[in-house]
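Given below, in the form of structure tokens, are the structures.
Two complexes come next, and they have one chain in common, chain A, joined by chain B in the first and chain C in the second.
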Partner chain A sequence: MNILKLKKIRKHFNGVLALDNLSLDIKAEGITGIVGPNGSGKTTLINILSGCESLDGGTIIIDDSLRSKKMRAYENSIFGITRTFQEIRLFEQMTVLDNVLVVLTEKNVLGAIFEKHGEYHLMKAEELLKVVNLWEKRNELAINLSYGQRKLLEITRALSTDAKIYLFDEPFAGLFPEMIKTVMKIIKKLKEEGKTVILVEHNMLLMRELCDEIVVMDNGKLLSKGKPEEVLNKKKVLDVYLGK
Partner chain B sequence: MDMLTQIIFNSLIAGAIYALVALGFNLIYGATKFFNFAHGSIAIAGGYATFYFNKILGVDVYLSVLLGILCAGFLGYISNKLVFSPLRKKKSSHMIFMVASLGILIVIQAVISLIFTSEFQTLSSSLASSKKYIFLTGIITKTQLILFLSVLLIMGLLVLVLKKTMLGKTISAISDSEEIARNIGINSNRVISYVFVIGSAIAGVAGIFVGFDTGISPTMGMSLLLKGVIASIIGGVGNVYGGVLAAFMLGLIENFGVWNFSGEWKDAISFAVLILFLLFRPQGMFGKK
Partner chain C sequence: MEYFIHIGIVFFIYAILAVSLNLVVGYTGLLSLAHAAFFGIGAYATAILLTKYNINFFVSAGVGMGLAGMASLFIGIVLSKFKDDYYALASLGFNVIVCSFFINLDSITGGVIGIPGIKKPSFFGLEIHSNFAYLILALVFFVIIFLVSRFIVQSSFGRALRAIRDDENALAVFGYKVLNFKLVIFVISAMMAAIAGSLFASYITYIDPSIFTITESVFILTIIILGGLSSLRGSLLGALFLILLPEYLRILGLPNDTAAQVRQIIYGLALIFLMLYRPKGLVGEYEMK
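The block that comes next holds the complex of A and B.
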């Protein structure tokens, strides 16, 4: 079953087409990798799917419901979508624990006035932070963590949304081998739990190992799509990556 | 009556008013990151609303105070809804926000002048201001005592909401990064609306107390705001406790300065303190480098 159906989506920035009538279906409960050279539109696609950028044209159907072109970013949680960013974005002046708690707890303003995080939220935060070895650092400000730890915290924050679709933008970049293993374990577990993962990554070895399907983009268009071993050996894909 | 005790009392009252302005200003600045000039005029509008209900319509004084606070909160809400929220949607720069807020300040001042003239108005006879208490060796009026206790109460409540509830964490999240806050499902526009209502209502309390303490005029908003802002900067912008402590400190410095020199130096002393802080400790008393 396809959880995401993109039909002729378009996005341009100052006259440059970042996404050029892109049509794409993404299978549910699997890991889809998006690859392509720099400027091919991978991050723009993630930005549009997560509501960070608006759409110029085309339609997006998520889990059989049509998403409005004017969807606001906070509404992506209604569609069960969450993401991480290429450049880590955390609540820098909040503690590690609060970075997770703020996601886990009530977001309705009036409800939030009277809500203090409960035992349940704390247990959930502990469970999530222990996976990435950050529970010990829970009272430190996010800004004081190392690069790798910050990346892991951002991934943990995404996990706490309990979304259906996870968009990870270069989750392995700049991580130590141990941390890469942790993130791989997390992504594999998401798949086991029946979640959909969309991954933008340059490390082809990792992509081959993790992804069920690879989408290759070039100049905002779909170049190729299929199983990793098939797609990554295609001549036109190699041409785009290595030059003709 | 001991002069020193009296000066300390006066400083605490002045500090309390500055603290209220700083509290609201810091709250709104924290969530929106722009210098809201309208804040001062909204404070004064709160004072005038109370004046209107109490002195013109003859409504009970306590009810008038409540209505004045509500009016200030409503003005904050409207200014956000009609001006700042559309600007946020357009991703306007902070400079545009600042200029827009200056526009709101001028409009509110003009409307107040049109309705109430630019004469000085006072609310003082309404709140049994004749009652005086003698503490230690100084005199404090009932209005001043209520003002001082209100500041402590409002600050206590605000700290409770900011530090202990998830709304506080949500506001912190927005002040840290509105974009991520939206991305994790926080309706930042709605939270900012609440912040404007709460911050403006607190400013309204300040305006009402100025009305009771010394009286108000339509153009007082700016100087009131600047005192609050000086307190915010000295305390570290965005730091709620720092702002309040600095407000009381500013009150003390001003009043001791006036005692030693003369009344005309009051504002000059405040700005001298501001300049010293900007030069030598721009992050404020409690800010980190």
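The block that comes next holds the complex of A and C.
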């Protein structure tokens, strides 16, 4: 079953066509990798899917309901979407724990005023933060963590939602091998739980190991799509990557 | 003794103003310079209702809160279209507009002359005459507002405000309707400032539009930057320090008009010094970018 259906989506930034009539279906309950040279529109695609950018044209259907053109990021919780950012965007002057709690607690204004986080939220945060070895650091400000720890915290924040679709924009970039293993484990576990993962990544070794399907983008267009071993050996894909 | 009581009353009024502004500037990261406008709305509501219509102080304070709430809702919606420096500038503009209402609606506000002879509050027929009784009244209001503010910043709502300050677009990704949060805190803050205005008007017994100009907004901002953004205790410390400043100068024996100028210079220097060497203020937790 396809959980995401994109039909002829278009997005431009003053003259640059970042997404050029891109049509794409993405299967539920698996890991789909998105690869492509710098500037091919991968991040723009993630931004559009998560309501962070508006669409110029085309339609997006998520789980059989239409996502309106006028994107609103807060609707992600309705569509069951969560994400990380390529350039880390944490709540920097908040503690590690608060970065997770803010996603776990009440999001309605009135409800939030009369709620303090409870035992339940703390237990959940502890469980999530222990996976990435950040529970010990829970009272440090996010801004004071190392790069890798910040990256892991962002992933943990995304996991704190109860989403069905996880959009990860280069989650491995700049990580040490030990941390890469942790993130691999997290992503594999999401798949086991029946979630849909969309993964943007330049490291082809990781992509081969993780992905059920790979989408190759070039200049905002779909270049190729299929099983990793097929797609990554195609001549036109290699050409795009190695320079024609 | 009377003198200390006077300082105490003024301190509580400014502590209310500072704590409430800190909710917006320090916790939510919205650099509002319109706080004196809401202070003024509360002061005028009480001055007019108490003096001209003999309406109970507490009712007049409630009306002031209501008016400030409505004005701030409207202003907050317009300000939500702006970011950063433009937000600050636009908020200054609103302060000027509200002041011009105080000046131009002269049939009810007394124009530039203002409203003299404002009465003291009365409580079940008991008029609050002595300054000591007034100190207690101001203290009670201050404690309530401080506790409400603390309740807010420690709630899930308060955590969301700090997240808005750090990265509102990232917060929206996780299902928050950020605009609602910003409007609610802006309105709450304005209503608190209106209470400070009601207390101020009936204590000083005389108000005019020159009290509620942007200079006053900048003064309140200086208090919270000095004390520290995102720290309620800091706001109290900042208020204490700046309220007492003119008194030190008096002790130094400067003549009054020189003292006033020296004071302005010290406020300015203090701000510049803080920005350079201690951007977190005395006890603050958040550094302004």
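Methods note: the second predicted complex is superposed on the first by the 244 of 244 C-alpha atoms of A that agree within 3 Å, B and C clash if a C-alpha of one lies under 4 Å from a C-alpha of the other, contacts with A are read in each partner's own complex, and residues count from 1 in each chain.
Basically, a residue touches a chain if its C-beta (ideal position, glycine included) is under 8 Å from a C-beta of that chain, and two chains touch if they have at least 3 such contacts.
Just so you know, these numbers come straight off a predicted model, no measurement behind them.
Q: Using the superposition on chain A, decide if chain B and chain C clash or fit.
A: Clash.
Q: On the A-aligned overlay, A:Met1 touches which partner chain: chain B = first, chain C = second, or both, or neither?
A: neither
Q: Of the partners chain B and chain C, which touch A:Leu205 in the superposed model: first, second, both, neither?
A: After superposing on A, A:Leu205 lies clear of both chain B and chain C.
Q: Same chain A residues contacting chain B and chain C, which ones?
A: 50-52, 72-74, 76-78, 82-83, 89-94, 98, 101-103, 105-107, 109, 112-117, 157, 161
Q: Show which residues of chain A lie in contact with chain B when the two form their complex.
A: 50-52, 72-74, 76-78, 82-83, 89-94, 98, 101-103, 105-107, 109, 112-117, 157, 161
Q: Which bits of chain A are touching chain C when the two form their complex?
A: Contact set of chain A toward chain C: 50-52, 72-74, 76-78, 82-83, 85, 89-94, 98, 101-103, 105-107, 109, 111-117, 157, 161.
Q: Taking the complex as given, what residues does chain B use to touch chain A?
A: Interface residues on the chain B side: 161, 164-167, 169-170, 172-173, 175-177, 179-188, 190-191, 194.
Q: Can you name the residues of chain C that touch chain A in the complex?
A: 152, 154-157, 159-160, 162-163, 165-167, 169-178, 180-181, 184, 230, 285-287
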